[in-house]
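The following pair of complexes shares a single chain, chain A, combined with chain B in the former and chain C in the latter.
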Partner chain A sequence: MMNRFNHLPTLKVDTAQKIAFIYKGKKYYGVKGDTVATALYANGIRIFARSLKYHRPRGLYSLDGECSNTCMEVDGIPNVRCENTLLKDGMVIKEQNVKGSAENDWMSFLDKLDWMMPAGFYYNVMHKPAKIWPIAMKQIRKAAGLGKISPDFEMPGKFDEIFLNTDVCVIGGGPAGMMAALGAAQKGLRVILMESRPWLGGFFEYRSSQYKEGETLHNRAGQLAKEVESFENIRVFTHTAAVGTYNNNLVTGFQIGKKDDVFNERYIEIRAKSVVVAAGCIERPLIFDNNERPGVMQINCALRMAKTYGLLPGKKAVFSIGHDLGLEAALELHDLGLAISCIADIREDGQDPVLLKKIQDKNILFLKGWVATKAHGRKLVKKVSLASVDGQVSKTFDCDLVVASAGMTPVTGHITVAQGTLKYDNHTGFFLPDQMPDKMHAAGRLLGLNDPLSIEASGMLAGLKAAFDCENCSIGEIGEAKKALENLPGPVRGTKLVTAPVKGRKSFICFDEDATIKNIKQAIEKGFDVPELIKRFTATGLGPGQGGIPGHNLPLYVAKYQALPDISIRPTNVRPPLVPTLISTYAGVNHKMFKITPMDEMQRKDGGIFRNIGVWQRARYFSNDLSCKKEIENVRSNVGMLDGSTLGKFRIYGPDALKALQRVFVSDMSRVKQGRIKYSAMCNDDGCMIDDGVVIKQGENDYYFTTSSGRAGQTAEWIRYHTRYDGWNFALVNLTDALGVINISGPNARKVLEKVVDIDISNEAFGYSEYKEFKISDTIPLRAMRLGFVGELSYELHVPSSYMKAVWLMLKEAGKEFNIQNFGVEAQNVLRMEKCHIILGQESEQRTNLLDVGLGFLWDRKKADAKTIGAVALHQAEKDQTRLKLVGFKMENNSRAPRDGALIVDDKVRGYIATARDSFSLNEAVGMALVEAPLSKIGTRLTIFEDECGDDRIYGKVVEMPFYDPEGKRMKM
Partner chain B sequence: MALTITCPICGKRNGYEFKFGGEEKGPRPDEKDLTPEAWCDYVHMNKCVAGVQQEWWFHKDGCGSWFPIYRDTTTNLEKPEPGGQK
Partner chain C sequence: MKKLQRVSPVVFKSTPLKTESRDNWEVVMEYNGEGDGPYLVDLSHRPRFDLQDSNLAAQKPFGILIPETPGDCVLENGILANRMNRTQVSLFNLDADDTVSMPDEPGYTEVTESTLCVALIGKNVFSICEKLTALDFMDQLRKAPFLFQGPFSHVPCQIVTLNKAGDKSGLILTCSRGYGRDMIDSILHAGEEFGLKPAGESRFAKWIKEL
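The block that comes next holds the complex of A and B.
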């Protein structure tokens, strides 16, 4: 294990606290505060992964997870960005996309075969003859790729989501972001501050340069952070990357949980009145040969390795940089013990003279107008070649570390995904915000600022602008803040160099997709002239780094290669998520959402087998015999009980209640008589049947009605929608959950119920299709209906949910002498099918209208004034001979019912089976089917095609409906 | 969803709480003398305006009322009534 600095004030690790982890089966130690990447680096691991296409070795590069270089499998989860993942005790870490190991990958010979794989080669080659492609595709997929995931992989961990409201949301917890937060918070506004690293401080946090006399940038960062934390109206989210910004000032992000948090990751959605983007800069990668060889890293990576994690990134280094930060880093690392052979600066002039003086004092070789051209070394960097920017002179140095960076590049994704526009700026070499989205303000380094005071002043200005959006700041104050910024140093000049003077066969513009400069040239020569198209064709920036590496280099390089004037350079589009996110974080908590009826527990005790049916969990079977023979026979010959609580139940009342019912039900609802039950249906505007149920008149303009279980959720919405213009006065109450339903059915049903109720329920006193309201023992209010859904004498009891258990138990007790039994939803399905009573969704689909299922008799044609929904369409459908009809059929071969959904065919499809079962009551296989009109005549032979039946067909015959008790005597007993 | 909607009863709320109910097309036409074409147009044809249109929304996770709003379909933002005093 490498030695760590343990005296630096900027350290974020506690070197005294060791953390054990497993890498490739062996135990290693990191320290508290380490990321997975730094812990591995501390243990001498330099090659973290193999690249997607060429299996080139890859190592630490940015330390912020901007590329897939350090994607590894951690605790079974593939593609974890090790640079952003904090080390935890006992973590198991593996390499991915390797044949052998990352160190020795025998697929690395592919690197020499790059000439066989020009840009877009998979679009061009291996397609002829066509047969080759499936084989080639398999091989390509095997060789290429990152982590692997098995189809039955279940994501471990807890995921959560929160939805927040705030006045101002600040993206970026660096100096500009913190100042913006403070500026808005001082105006009394509520502020949310998001920072993707685990701590505040940003660009100041890890630097020891002077902020002002006697104060380092690091100290200043701490001071600002303390001030931010002292405000109760600033809510800070660290380790929280903002991944999306949308109009209306909606910001989304994901937060990585700390040790004591109840979530591993949490999705955050923030509604703000105003947004400040202070996302800062990343480095623009320097493009030269082997620019991604392990040992080559960016300035911030090298500097933060030492300052934040206490690790010296190498022994002997060469710097090839284009920004003062590179000089600062070289000096700091030199003081920490890094030998520096040479600093090559792309810039001929413009360096900070103070830094230059220090370099001179330390006798470090400094070359102006020079740049790295090639990193040597098969796996790790051993040497590096430098050349003058024009390529005329060159030198080679031995080293194990190349700190390379072309300059800075602003993080503009938050602005552009919110539809803001950027404009290329010749001075900074940046894409600077041109038109900002409404109520979004940019601040800090992404504006090209580099001076610490300017960065802070621009943050304050943005914070006040945001406060102005919230009407908490005056124009005058903004003017003052603006003036303060103008008096400070403005944006610094940036380097224009995009690539070193190389041919570019091994100069990578995108690490994730192994795209080189040569690939870009190939694409341009093929005729792709726009960066957006070149991006697609070469896959540059389409990898897991979300374009972090090629980002602005691609459009700049394309412009340079095509020799375009600066003005037309446009960055490529970026899209959310701006930072790779786990899908499970978006998914949030995996709630198992369903409703249970009041009888749930008791039915489970009775052996009910439950299934999710719509939003409900219902008892479908009461034995392992899924044909439900016993349950069915018990209802036909004795008495059974069913929990029907899922039925939709509504009360509608008020002066215009009847008008509303006339609008939605097809029947004439004015003919509903008190004490009688009216069965009717609802259609949509196409005449298609959407619901059926019964309606009861409880009083003048006071009705109670039921809907099918699946429709209950939409009924109120439906009725209110279709009466929205009328201004009618009625109230609609959803009683679905307030009332339970017990269905007691079978020839002995009356004998059981008689024992429980106090009123006369003889056939004369309470006949078929009648309705009664009464109380059991003067206490339990009951609505009782005599219905015949299953085709036997049956009572449907609507009971307040709180009394359901009591009534259920009373009936069970009373039914003991008759051996009353439960029956489930499947038994009910067969029983009603034998009676040809339809269930919507089973005997109908979206296009099935009222007439198709034979319920045209429900429709009252004489109420045009009611503007009944569906009536106009039904008038038209009446004349249509091409529609499907619902028919009953018997199978020629008994006990061979076709599967539901099987097709009815001749030389083409003529219809389909709705429901079919082997009927124990009839000893026949029967069912209902929707068939074309010509096939609906009684006696027609139906040819049935089942899935995977090959050339075999089964046959049925259209018969009269219903099959069971055609006269309906049994339900009227 | 970036959209927020102002419910006349509950105020400005997250768009997730609402269900879309189609463009504003006026009340149901009288059935007398209604041609099938006119009926079909009323039920199925939409203007699909690229810009501000009036449309119906249902506060499904709230008060349960239907109400019309104006929305800019190009930005997915609620707008005040064009030319109105809102």
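The block that comes next holds the complex of A and C.
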């Protein structure tokens, strides 16, 4: 294990606390605060993975997870970004995308075959002849892709979610972000501050440069963080990456949990009145040959390795940089013991003279207008070639570390995802925000600022602008903050160089997809002249780094290669999530929210097998015999109980209640008589049936009606919508959950019920299609209906939900002598099918109208058309002979029932099976089908096609409906 | 004859220490291990009514003046009146010592059975809420009591915030009775990290008296 510095004030590791982990089966130690990547690095691991296409060795590069170089398998989870993942005790880490090992990968020969794989080679090569493609595709997919996961892998860990509201959301916890948060918070606003690293401080946090006299940037970061944390109205979320920004300032992100948190990761959704984006800059990668060879890393990576994690990133280094940060890093690392052979600065001038003086004092070779052209070494960097920017002169230096960076580039994803636009700025060399989205403000380094005081002032200005959005700040105050910023140094001049003077065959613009400068040239030569097209043709920026590496280099290079007079082209679109995370994090806790009936617990105890049906969980079976033979036979010959509580139930009352009912039901609802039940249906404007149920008049201008279970949630809105212009005075109350429903059915139903109730329920006193209200035990109010959905003597009892258990137990007790049994939804389905009673959604679909299913008799044609929804369409449909008709059928030769949804065919599809079952009541297979009119004649032979039946067909014959008790005597007994 | 027992849609796993029988409801007054808060209290047995009228201004349910603006609420004499929209108000009888009956007038419907009703009271109440809903309880423009009609754990709810002040915070939530099991599970799960525990009605009675 490498020695660590332990004296630096900027350190975020505790070298005294060791953490053990397993890498490739061997035990290693990191320290508290390490990421997986730094722990591996500390243990001498330099090659973390192999690249996607060419299997080139890859190592530490950005330390912020900007590319897939350090994606590894951690605790069985592939593609873990090791630079961003804190080391935990006992972690098991493996390489991925290697055949053999990352050190010695058998597939590395592919690197020599790059000439066979030019840009877009999939499109050009593998489909000629076309039959090659399926074979080639399989091989490519085997070779490519990062990580493997078993289909039955269960994600370990806890995933949570929170939904926050705030006045101001600040993205970025660096100096600008913290100042913005303070600015808004001082105005009394609620502020949320999101920082992707585990601590606040951003660009200041790890630097020892002077902030002002006697104070380092690191100290200043600490001061600001303390101040931020002292405000009760600022909520700080560290280790929280903002991954999406949407309309109306919705910001999404995910937070990595700390040791004591109840979550491993949690999804965060923030609704803000105003947003400040202070996401800072990343480095623009320097493009030269082998620019991704392990040992090449960015300035911040090298500097933070030492300052944050206490690790010297190499022994002997060459710097090829284009920003003063590179000079600062070289000096700091030199002081910490890194030998520096040379600093090559792309810039001819413009360097900070103080830094230059220090470099000179330390006798470090400094070359202005020079750049790295090639990193040498088969697996790791051994030396590097430098050349003058014009490529005329070159030198080579031995080294094990190349610190390379073309300069800075702003992190603008949060702005562009929210539909803000960017424009190239010639001074900074940045794509700067041009038009900001409404109530979103940019601050800090992403505006090109580099001076610490300017960065802070821009943060304060953005914070006040956000406060103004929340109507808590005056224009005058904003003017003052603006003036303060204008009096400070403005944006710094940036470097323009994109690539070193190289041909580019091994100069990578995108590490994730192994896309080189040569590939970009190939794409442009094929006519793909804008970044969006090139991105798709070369896959540049499509990898897990979300375009972090190619980012702004791609449009700059495209502009340069085509010698465009100005850089009018734009970076490619980035999309959420801006930082990759786990799908489990998006799934969150995933509470299952289902409704249960008051009988849920009782039915489970009775052996009910439950299924999710719409929003409800219902007992579908009461044994493992899914044909429900016993349940069905018990209802036909004895008595059964069904929990029908899911039925929609409504009260509608008021002077215009009847008018509303007339509007939505097809029947004449004025004929609903007290004490009687009226069955009717609702249609939509196309005459298609959307609901059915019964209506009861329970008083003057006061009705009670039921709807199908699936439709109950929409009924009230449906009625209100269709009466919205009438100004009628009526009220609706949804009583679906207020009342449970017990359906007691079978020839012995009356014998059971009469033991429980005190009223006369003989056929004479309580006949078919009648309705009664009474009390059980003088206490429990009941609404009882004589219905016959399952084709037997049946009572539907509507009971207050809290009393459902009591009534259910009474009926069970009363039914003991008859051996009363439960029956479930599937048994009910078969029973009603034998009776040819329809269920919407089963015997109908979106296009099925009232007439198609044979319920035209419900429609009162004398009602004025405009007053009944769907009536106009039904008038037209009556003359239409091309519509499907619902028919009953029996199977030929006593064969089995076809599957629901099977097709009726001849040389075309002529209809489909709605419901079909082997009927135990009839001892044959029967069903209902929707077929074209010519096939609906009694006796027509139906040819039935089922999934995967090949050339085999089964046959049925159209018969009269209903199949069971056609005279309806049993339900009226 | 066996005693008729009404069953609440809310079931807690905690052991009741003290119960009271009221209108066939077995009301738990205190649970074992209620902790220091926050608390989740089942109020599903408390009478609740729906009142609809095209001229609500003319109505004075239980002598209470109905708030004019939808979303506003008033708590008077143990009755919480929540203005839902132009024509509708929900009424919760929260005072266990003064149970009221539904007025015998046409616009009223008893909806006690329609919904579950719980109170979420004590410290960190809104930290629990933000794990389950995007509704903004801490909006400085909303003065308690106020009504939200919106999703809570993905389920349409009526939520009345009665107090927003620190440890005294509290709200009442109602939703379709059928969601009882899953709603309680999700609230208790969300509140686990904050020490949320089921509590008896006494805890709520004390809390509301201190409002």
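Rule of thumb we're sticking to: the second predicted complex is superposed on the first by the 968 of 973 C-alpha atoms of A that agree within 3 Å, B and C clash if a C-alpha of one lies under 4 Å from a C-alpha of the other, contacts with A are read in each partner's own complex, and residues count from 1 in each chain.
Criterion: contacts are C-beta pairs under 8 Å (C-beta built on N, C-alpha and C of every residue); 3 or more make two chains touch, one makes a residue touch a chain.
Treat the numbers as computed from the prediction; the structure is a model and nothing was measured.
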Which of chain B and chain C A:Phe594 touches, first, second, both or neither: second
Touched partner set for A:Asn729, first chain B, second chain C, both or neither: second
Partner chain(s) touched by A:Glu717 [first = chain B, second = chain C, both, neither]: first
Touched partner set for A:Lys805, first chain B, second chain C, both or neither: second
Partner chain in contact with A:Tyr653 - chain B first, chain C second, else both or neither: second
Partner, of chain C and chain B, that touches more residues belonging to chain A: C
Partner chain(s) touched by A:Thr428 [first = chain B, second = chain C, both, neither]: neither
Which of chain B and chain C A:Arg271 touches, first, second, both or neither: both
Which superposed partner A:Phe163 touches (first chain B, second chain C, both, neither): both
On chain A, positions contacted by chain B and by chain C: 163, 271
Residues of chain B touching chain A in the complex: 1-4, 14, 19, 21, 26-28, 30-32, 34, 36, 39, 43, 56, 58, 60, 64-66, 75-77
Residues of chain C that touch chain A when the two form their complex: 1-2, 4-9, 24-25, 50, 52-54, 87-88, 106-107, 109, 111-115, 130-136, 138-140, 153-155, 176-183, 185-186, 189-190, 192-193
Residue ranges of chain A touching chain B (in the complex, touch as defined): 163, 246-248, 250, 271, 685-686, 716-717, 720-722, 724-726, 864, 867, 871-873, 876
In the complex, chain A residues that touch chain C: 160-165, 190, 262, 269, 271, 589, 591-598, 600, 615-616, 651, 653-654, 702, 729, 731-739, 777, 779-780, 800-806, 809
